[in-house]
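Given below, in the form of structure tokens, are the structures.
Below are two complexes that have subunit A in common, paired first with subunit B and then with subunit C.
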Partner chain A sequence: MLQILLNGLSIGSVYALFALGYALVFSLLGVINFAQGAVFAVGAYLTWSLTTGSWGGGQVPLWETEMRLPFLAAAAVSLVVCAALSALIERFAFEPLRRRKAEPLLYLVSSLGVAIVLVNALLLMYGAETRNFDLDTLSFIPVLVEWGDLRVRGIQLVILVVSLLVLAALLLLFRFSMVGKALRAVAENQTTASLLGIPVHRTIVLTFALSGALASLAGTLVATGFSIPGPHFGLLFGLKGLAVIVLGGMGEISGAVLGGLLLGLIEAAVPAEYSGYKEAVAFALLFLVLMVRPQGLLGRRPLEKL
Partner chain B sequence: MLANRNVRQIALGGALVLLTFGSHLGAAMTEPLPIGAALSQTSNVALLGQEQIIGVRLAEEYFNSKGGVGGTKIQVILEDSAGDEASAINAFNALIRKNVVAIVGPTLSQQAFAADPLADKAKVPVLGPSNTAKGIPQIGPFVTRVSAPVAIVAPHALEAALKRNPQLKNVAVLYAQNDAFNTSESMTFQEAVKADKRLTLGTIQKFQTTDTDFTTQASEVMKVKPDLVIISGLAADGGNLVKQLRQLGYKGLIVGGNGLNTPNVFPVCQKYCDGILIAQAYSPEAGDAMNKALVELYQKKHKKMPGQFTAQAFTAVQVIVEALSAIDQKKKVTTYDVKELRQELNKQILGQSFQTALGPISFDKDGEIVQKSFYVAEIKMDADNKNGKFSFLK
Partner chain C sequence: MDLDAFIIIVMLQQALLGISLYVPLMSGQLSLASPAFYAIGGYLAALVSTKLWTSPDASLYPWTWVLGEMLLAGLLCFILAQGIGRMVLRLRGIYLALATLALVEVVRVLCLNLEWTGGAIGIFSIPQVFEEQQGYLWLFLPLFVGVALLVRKLESSRIGEAFRALREDEFAAAAMGIDPARYKTLAFAWGAAIAGVTGAASAHLMNTWNARQGTFDASINILAYVVIGGPWSVWGAALGGAILSALPEILRPLQDYRLVVNGILIVLASLYLPRGLVPDRRRKRPRPSSWPALREARADGSAEILQMDALSVHFGGLKAVHAVSLGIKRGEIFGLIGPNGAGKTTVFNVLTGFVPATAGTVRFLDHDITHASVHHRARWGLMRTFQNLRLLKQQTVLENILSATHRFNAEQRRTLFPAGAEAEAWAWMEFTGLLDKADRHAGDLNYGDQRRLEMARALMARPDILLMDEPVAGMNPNEKAGMQALIRQIRDRFGITVILIEHHVPLVLGICDRIAVLNFGELIALGKPSEIQNNPAVRQAYLGSSEDVQHG
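Let's turn to the complex of A and B:
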């Protein structure tokens, strides 16, 4: 039982981390940024390339460089690049629509377009092959952590701890810092916020950058824990992230955290014989929750933003 | 009215005559002799398919340098069968339309069950280069394979594991349930474990070839504290499973199925690949003359030893070429039309024996390979943990 709890929390915490990016953008603009899943994949590939020195390998010929960053540095670079990428996505896929006061559906289509372009760019560059992190670059992480009968791979514990720390820090930030207050003000009403002297546009760009950074971090963690099965894994993860925020309540920051952890636990509780169906089970339960509580677990308002 | 009906009857009769003759006329054999290869150039199976493509290309080069079929050159026509059934069917259709004498392929058993019936119906001989699931030659009279079935190859690895550790008792079996070959292979392993009085089957765990997170399965395996783990999966998922199992502290022996039988697992499980035991239908160290020729040819181009997938694909082309040569000695193959030649070829393949890189082989009446030499290899990783080799056990 404890083992399942631990396994579930480990993967669930990454879901939470990733879904938080969705929730942030949704709380601010009331739209879903589909490109989040693609940024997740970009983050994973970028960290992989920076640590292994290997670039390309798909249509683009494999290019081996001598420049190999230590894992933590690579993850940090990837985080910054993905934050910038996400801010760029805001600039080119969201801002023009926002200025025209476009329908929320158009944001969805526009970000979906960005996602498909990014994933295909990765496919062009890296091909569809599986990529694995060099185990030597992760040698600073203990391989196995045992505690009585409980045993967990070191990397999974790292995933859990890092994710929970980042989540806690962000929750504190939103609650108590000026940035957090600005964010909540913009989410409440953009016009009022701007009258109060809050730089609305900058807050939005910052939020996108933050969600990009979270996607990159989640991508790096998942890729190191398991592997990169190909560029499309970002899209599947994107779908799961979507399930998480619907489960937790759209645009609810703490709902995303709760939803993520819950989805991880549900998946881990699926008996091993049926692990092939764990996604189906998870989504079926999501469906059930929505039948009972359409606004999600922590959602307070009806979903007028949709 | 009457005239109208007459006209219609004449037209219908004419069409029928044309159809009847048309189907008998067929296409005359062209030069070079086209041999089809439906192999996985893309998809997650490409890792295996690429090795097979090297095999058929080397065979094309080798046998053409030896004069082809009685002086007539052969040409291997490649179609990508990717990783799914639909692509395999498309590849087969394309090859049949291109009037090939026979088809080498497809890469997966799962695809063979879907695509082989097409070729069988069109009376085109198919040689499975790597289809080892149960029931492949039984698809039809035109389906044969050079890949020995798992039921014969797989248990050799279990024997090797028992030899390594005679105290072996508790066994855990894992397999990819969404793949016909891996499921069939795992059933063979499970039966072999159950049949052996010294062994008990502790747990059976299933996964998907598309999975990357094996936490649940690995945790379940660790619970039963096995001395031997048997894995039937493909390179990416199987290698990943090995890695996660070892990281979770599993110290015992690991037997891998045919899907792990490729150097492509090395970058996946890296240092954790070390020690995986895999039964082999082929050894690059075998002393057969044809094997020496293959190894020399392969090494010249790729600077390493060929694997089983390459050798079997090479052998499939060899069987076709040698059977065609035997036919050619009685009547020049270029004088046949395609349909006749395909039928003759199928008969010849089933009746002949061949000295191949896999050792001496022949076929039974179903088209099942009769092979004598089997081996077990152990993966030994190099010090850099990036490359390794299959070291053959004596």
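Let's turn to the complex of A and C:
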């Protein structure tokens, strides 16, 4: 039981981390950045390449270099690159639409285009094979931790602790810092926020960068904990992230966290003999929750004024 | 295999899937469920043709069986979607999109794991209908033409009109007598049936059918077809599907880079073609040279037409309306006034069914309507206008007025509008002074014209009672005087009972037969304008005093 709880919280906290990126953008602009899953994949591959020194392997021939960064440095570089990538996506796929006050659907389609580009670029570069991390680079993490009956992989504990720390830090940041206040003001009303002297555009770019960084961190954690089963994995994970934020209530930061943890726990509770159905659990759950609460668990029902 | 013919078949197939997403969208539902029904249709065809049909020799699969499978698949998906559509009715926008996407994933995983769907391998050796693959052109081409023409016909039908009204504003549509649940479920089920039929035909084309046929990436791709092709007409959806599915083939010289370029083109299209390849056409209709005069009617002002008995609406602890009892006489112009927040609009909302009553009853034409839905009340003849204007903004003035005829069935329309509904609509435009604006979009009108249009739309439905929520708000003095005259005519010439919420006191005192005053949700005065004018309680409520604070 405790085993399931720990497994569930571990993967659930990564879902939460990843979904937070969606929730931030949605709460700010009311649109979904479908490219988030692709950025997740970019982050995972980048960390892998930087630690193993191997690049390419798909259409691009495999190129082995001697430059291998220690794991933490690689993760940090990947984080920064993905933050920049996400900001670039905002610049080229979102800002033009924002300036024209386009329909939310168009954002979905343009970010879908970006996701297709990124995933297929990864496919060209790395091919579709599964990539595993070099265990030597992770030797500072104990392989197995045992407490009596409880056996936990060290990496799972690391995932859990890192994710929870980052989540807590971010929730505090949004609650109490000036950045958090600016974020909430821009989410409420962009025009009013800019009249109050809040740099609206910079806040938006910053939010995208932050969501890119979160995607990269989630990508690195999942890839080290399990493996990278090909670039399309990013899209599937992206879809799960969407399920998480809808489950929690769109645009609710704490909803994304709750939804992620809940999903992780429920997935971990699926018995091994039904593991084939595990992928459907997230979506069956999502469907059921929406039937009962159309606005998600923590979402507020919009008031219609007649 | 002839590659070119195959590309055309795929284009037709994807165009059909584009249409299957477009049909629910016509009614404002962003459903991504098409791949699920496509997969179900395909499995049905695959199972029937591999399990039930035993070929005496290696002959081709009979035509009639394929058509039967397609019919069966369409029917099955239609029925399934009726059930699912009812369940997801309450969901809007992105929530509906995600719920239907969840459905696609659930169906995919089920098909991947169930025994009778063949697991990961799927069902293979599905018998062929044609000697060569290009023969399927003769299956997909007629199917596409048939579906496209049917949907085109749907667009111009009254059902299409109801769909468009729902897409723009569900509340306004319901207030015009359109049943949102019924039409939304219908649109959802038709979209599903189209996807199912396409799936059944595709199973034979593909030869093998497995869980890879209906995935969430397909959902998103189909959405891209419709958005890029243009979500306004069947041709936009079809064109988007045809072009985007042909793109990878057209880009074949780029080899491995084609999918990357494909993605770039999708980004560019969404940035630079915001209205889609096939934009929304404004449907201009010529002004007829003449139209019959409006049918007049008089009302006798004795019997009560609408009764509220101890009616209450509480929101948690807030008593928005508390124990209000009122009777409205037929042919009356009745004013409902009170300070801001007195509960006037809430009274309108509970009378028209937008807000449930906490306690008490509403009787209309001697029927208890306390629990009736919005569209039922509208159908029985209880119409309203909205304080915050709820017009179909993307539609023309004429189309807005025509949307109000959904209160009547075909037979009623024939007797009520002998010269056709459109002629009657022109007459109402003349009555409200909107003749020159018939082809303008409602959203482009100025404020006063929008208010007049709301009134014209409600009058087109020939209500027994018209509830007008602040009809002269934001109008200049001239317009106010004009509106006052119109309201008087509504009663005098057409016999329509009017209940009026208005802050403009001279208008209320000038035209109302009786006035009720609300304060903090309670009825504090009722009587003729002269009585209300001199009522001390009313003066206190409006001008305020120390006693007022105790209430708050």
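The rule we apply is simple: the second predicted complex is superposed on the first by the 300 of 306 C-alpha atoms of A that agree within 3 Å, B and C clash if a C-alpha of one lies under 4 Å from a C-alpha of the other, contacts with A are read in each partner's own complex, and residues count from 1 in each chain.
By our rule, a contact is a pair of C-beta atoms (placed from the backbone, for glycine too) under 8 Å apart; a residue touches a chain by one contact, two chains touch by 3 or more.
Predicted model, so just to flag it, every value in this text is computed and none were measured.
Because the two structures share subunit A, they can be overlaid on it, and in that overlay subunit B and subunit C fit beside each other without clashing. In the superposition on chain A, A:226 contacts subunit B only, with no contact to subunit C.
By the touch criterion defined above, A:257 reaches neither subunit B nor subunit C.
By the touch criterion stated above, A:34 is placed in contact with subunit C alone, subunit B being left untouched. In the superposition on chain A, no contact is made by A:16 with either subunit B or subunit C. When both complexes are overlaid on chain A, the residue A:204 reaches neither subunit B nor subunit C.
Of the two partner chains placed by superposition, subunit B and subunit C are both touched by A:276.
Counting the residues of subunit A that each partner touches, subunit B and subunit C differ, and the larger count belongs to C.
In the superposed pair of complexes, A:291 makes contact with subunit C only, with no contact to subunit B. Within the superposed three-chain model, A:116 lies in touch with subunit C and out of touch with subunit B [touch as defined at top].
Once both structures are fitted onto chain A, a short way to say it is that subunit B and subunit C open up an angle of 100° at subunit A, using Cα centres and rounding to the nearest 10.
Of all Cα pairs spanning subunit B and subunit C in the superposition, the closest are 6 Å apart. Note: residues 276 of subunit A belong to the subunit B contact set and to the subunit C contact set alike, using the contact criterion stated above. Touching subunit A in their complex are the following residues of subunit B: 42-44, 46-47, 177-178, 205-208, 210-213, 215-217, 219-220, 222, 236, 240, 243-244, 247-249, 267-268, 270-272, 385-386. Here subunit A touches subunit B in the complex through residues 3, 7, 10-11, 128-130, 132, 134-136, 143-144, 146, 151-156, 225-227, 229-230, 233, 268, 270, 272-273, 275-276, 278, going by the rule given at the top.
Subunit A makes touch with subunit C in their complex at residues 32, 34, 59, 92-93, 96-97, 100, 102-106, 108-110, 112-118, 120-121, 123-124, 235, 239, 242-243, 246, 250, 276-277, 279-280, 282-284, 286-287, 290-291, 294-296, 304-306.
Put simply, subunit C touches subunit A in their complex at residues 30, 87-88, 90-95, 98-99, 101-103, 105-106, 108-110, 112-113, 171, 216-217, 220, 223-224, 227-228, 231, 256-257, 259-260, 262-271, 274, 345, 348-349, 354, 386-388, 390, 469.
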